[in-house]
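When the chains are written out, they are named A, B, C, D and E in that same order, and each has its own residue count from 1.
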Amino acid sequence: MQLARVVGTVVATQKSQRLDGLKLLILQPMGLDGKVGSSYVVAADAVGAGPGEVVLYATGSSARQTEATKDRPADAVIMAIVDTVEINDTVLYEKADEA
Amino acid sequence: MQLARVVGTVVATQKSQRLDGLKLLILQPMGLDGKVGSSYVVAADAVGAGPGEVVLYATGSSARQTEATKDRPADAVIMAIVDTVEINDTVLYEKADEA
Amino acid sequence: MQLARVVGTVVATQKSQRLDGLKLLILQPMGLDGKVGSSYVVAADAVGAGPGEVVLYATGSSARQTEATKDRPADAVIMAIVDTVEINDTVLYEKADEA
Amino acid sequence: MQLARVVGTVVATQKSQRLDGLKLLILQPMGLDGKVGSSYVVAADAVGAGPGEVVLYATGSSARQTEATKDRPADAVIMAIVDTVEINDTVLYEKADEA
Amino acid sequence: MQLARVVGTVVATQKSQRLDGLKLLILQPMGLDGKVGSSYVVAADAVGAGPGEVVLYATGSSARQTEATKDRPADAVIMAIVDTVEINDTVLYEKADEA
């Protein structure tokens, strides 16, 4: 899994029926310096994440192991909204600080 | 999943029977600046995508989770034609603008 | 999937029984400029591909979705010999031209 | 699989039910020079690993093949705490030396 | 699949029960120039490979398709010891030459 920040959305009406009802968010993977680069992933949202939030996402077949994504053609899923990230006993990110 | 633009086609007559009837398109992954680089992916088309369109594609076993690709030796599938991409409340891409 | 050119073979007698009878070919992935780089993949052959031919290959669990590779420890399979590759209405590769 | 050092933790309360009870650790992959770079992976812990320890982790669907991660949306798992790493008959890492 | 040379071993006593009895070897992927770089993979051994040997390994779910690795949390497996590698009708590697 990787940490990422939610930065955008994708809307598509012409799609596989298997995608119906899935919210698709654009994530930018976050480094251990707390910054995002230029790469991104489009992920299905299984937890009601919102713009700007730091989330955890999984890829591959593991992305289909939530209620929201079972049997869906989705290869990435947001399955947690992150509260705290700690590296070597130092807090890298705290959701409460951003509110 | 990644965003990509449809740029070409692959035709093959000598192939695994499991590929019969699948349309194979060449995609170039699109960055968050709206541009494509030099990399590409050949993906099975599950939604009737056409040349120049911006699409969403999935890879790995998730690529087999559409009616068109079930049990097929395809590791990438186009499963949505994109209408709108929004990054930080700015529209990066709008299908209507290209028509 | 990716396009690639068949450049070599791997022979192994001491191997998992699950590999028995599989032909293993060395492929070099082909860019959209029609050239190959220095990277390679060893793939199981499901279509009788020969040296120099341009083929399509799939990786991951999708590589096990052919008759030849079902339940085999193979993570890449050649499942088509390419006739034509077209990019933006220009022919990048035509098998007939090479014969 | 890759070798990695445990460097941190991720805490999340708002998450897929399928993640309940899983401990999520931040790993930095270790090179054959014994050093870690700047990349990282968030992995589920199946063996009770602690901060600073050198571990072995697996990714993809294989990450769901432990009691702790079965049917979970986790694409990386720590499934061993490493005692010894030997390269060309030289000991690269010995857990006992660090204690 | 990729070609690689066996360069080391990993020993771990505190591990998932699902790893019991598996031999874990360190491999360095080999380029088509016959050389290894600095990257590595830890793979389960399904064929009795030894130090210095050139082997073929598979990754992902395909790594679980041998008797030795079925249902194991292993994402890489050595499933063949290589006898000969030929590139464009030139022998790149011959096991007999190394003996």
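Remarks
Operating definition for what follows: a contact is a pair of C-beta atoms (placed from the backbone, for glycine too) under 8 Å apart; a residue touches a chain by one contact, two chains touch by 3 or more.
Please read all numbers here as calculations on a predicted model, not as lab measurements.
Think of each touching pair as a link: the shortest run of links from chain A to chain E has 2 of them. Here the spacing of chain D and chain E, counted between their Cα centres, is 21 Å. Centroids built from CA atoms put chain D at 34 Å from chain B. Among the residues of chain C, those in touch with two or more other chains are 59-61, 63-64.
Order of chains round the ring, counted from chain B and going first to chain C: B, C, E, D, A. In the complex of the two chains, the chain B residues touching chain A come out as 1-3, 31-33, 46-48, 56, 58-69, 77, 79-89, 92. Here chain E touches chain D in the complex through residues 7-19, 24, 26, 28, 38, 40-43, 51, 59-61, 63-64, 71-76, going by the rule given at the top.
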